[in-house]
Amino acid sequence: MFKAEIKSETLKGLVNIISTLIDEVKFTIDQDGMSLKAVDPAHVAMIELNVGAKAFESYSASETEIGLDLDKVKSVLKLAGPGDIITMEQDETQGRLVFKIGNITRRMNLVDTSSMSDAKVPQLTLSAKIGISIDQLQKGIRAAESISDHISLKADPEGFELSCEGDTDYASLRVDKGDLVSLDASTPVCSLFPLDYFSNLVKAVPSGTEVVIELDNDYPVRMLFGLANGEANVCYFLAPRIESD
Amino acid sequence: MFKAEIKSETLKGLVNIISTLIDEVKFTIDQDGMSLKAVDPAHVAMIELNVGAKAFESYSASETEIGLDLDKVKSVLKLAGPGDIITMEQDETQGRLVFKIGNITRRMNLVDTSSMSDAKVPQLTLSAKIGISIDQLQKGIRAAESISDHISLKADPEGFELSCEGDTDYASLRVDKGDLVSLDASTPVCSLFPLDYFSNLVKAVPSGTEVVIELDNDYPVRMLFGLANGEANVCYFLAPRIESD
Amino acid sequence: MFKAEIKSETLKGLVNIISTLIDEVKFTIDQDGMSLKAVDPAHVAMIELNVGAKAFESYSASETEIGLDLDKVKSVLKLAGPGDIITMEQDETQGRLVFKIGNITRRMNLVDTSSMSDAKVPQLTLSAKIGISIDQLQKGIRAAESISDHISLKADPEGFELSCEGDTDYASLRVDKGDLVSLDASTPVCSLFPLDYFSNLVKAVPSGTEVVIELDNDYPVRMLFGLANGEANVCYFLAPRIESD
């Protein structure tokens, strides 16, 4: 059983993040909220998302799973104006989810989740930890685009740097320690990542969000941030590109 | 003879409606105003439009016909800003229409109307009559898109419903009697229509317009509404899609 | 040696004008400013641009040349917000130009200028001289589009006219002497020009700019205008299309 009301902006924020990675998803639901662990088809990135019951205007559920096609959920979101409340209700007998926005009813078949296994979240100890505004990262991404397919993230005791080097061009964004939210990097670390994955995620995070980046040498990056006024938490992993010499 | 001045917004509103159906049109003109009866090339929909002389800022005409390519008229409308007055004058000796907007002159050859016959307006008695804001219909159209190629319009003594059913998805907009402008439906009626035609018309009608929908079982729908502060009247017919069982 | 700071809007205005003609350009630089003489690949139009040191927020240079790919400069401009200052510095040892905007660094290889010769500016005496707001020309261009590939510019003692004639359509913009900034045309003159070149330039000039047009019969047109609060000067030539009878 699952029935909940949610602000359209909140649902939109969650869907925007998940759909950078995957279209069909399985939400695991219980009385305290819903969660998701998903890997992209190429197994390059992973999202772990936990949405607490308080992220909803009202929430009532027992243990269940629902499989959703996020493109369809996006088409529902387009029907909602800012401030609209969206009601979602599972129609268990028929394997459907029913959305209501004002006098509009939108029903969709659920996606079969029997073949969807939960992704296994890697346990990593990463030596550097950077607290930064997503707006800085968004600025850096814009500078890096059209220069190379890869982006380098670096941290040292004095600051954080995002850079991109092509054959004839180079772009970088340097944020000194004083302009970061926090910085814990006793030794310099650096890893290279695919620009498209990193860029898609960074652009989907709402302006003003504070992100924690955990980084090491030639290791995956872990990014942590909150959505829905902190009632939802995202943990995003991205595999590094190891340069062969 | 035909010479008239019209607000650019008024002309734009008229052209937007007609061009949902057809590109080349014949206007029949006399001293009281201009009118048009047009069927789309597939004979699925029909528009009857009457524009009274009072819809114009100034109007002076004797009996005549002018054939226009609406794509060209749209390119003229793009030259006008809000509040601009457009002058139109028939150049009878040369079969041309001359538009003037401020210090811009735009002349175009008229389309030959000799092969354009007036469409015959069907005489129908339809049992249900619904007065509704176009904004409600526009909301319903957005919900129905991407679900099916057809849309169902229903009325019963308690309200009006627009719905769309696909293989895995369903969308509907229900407007109860109290939220309608008027409702006269003693028994339930329902017909199915091609979504693209209905959608194109509904989107072309200015927000805030009140529309009268006349409906019956498996019959054409008739939609009536005013433009140009009520000085122009539109009557739109759309043929139903009869479902074969 | 070249190091300068410039407002992003100023740099954008200059790049917009030059890039209507050519992508790779050579700037000739000395202590007083930078200049450029460029012809488009088809040798139909020419730009002569002089940017004085006062157009920059700070400027320090000795004689040098820099070759730039304007598409890359445009990608740098997209990183700057309104009011941002862009620092440019030549990295002579490595043949690069380094741009800085806040904490973003963007470096690009210079284009080889050895094969780029300066265009030779034609010396012309043209009999008519028209001072006009670019906004009038922009309005005229919009009216002419989709009618023909060529545009006619005319001046006579009473005013200026831009017109375009196709097989079935005609558009013109007439500006009477009183609505011009200035007019010096003792006898009527008229020349025909390729619409695309003229249109691209006219659209790139900022709204509100006053342009001087020098015109004669079947001769090139010369257009003169200032940018960067008059600290930069543009002289644009466009070859006429001579109609064969």
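Note that the chains are named A, B and C in the order they appear, and that numbering of residues resets to 1 at the start of each chain.
Heads up, the rule we're going with is that a contact is a pair of C-beta atoms (placed from the backbone, for glycine too) under 8 Å apart; a residue touches a chain by one contact, two chains touch by 3 or more.
Note that the coordinates shown come from a computational prediction; the quantities given were computed from them, not determined experimentally.
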Shared numbers divided by all numbers used: is that above or below half for chain A and chain B, i.e. same or different?
different
Angular offset of chain A relative to chain C [C-alpha, multiple of 5 degrees]
120
Expressed in whole Å, how far the mean CA point of chain A lies from that of chain B is 45
Two or more partner chains touched - positions in chain A
none
Of chain B, residues touching chain C in the complex
72, 75, 78-79, 103-109
Quick check on the complex: what are the chain B residues that touch chain A?
139-140, 142-143, 145-146, 168-176, 179
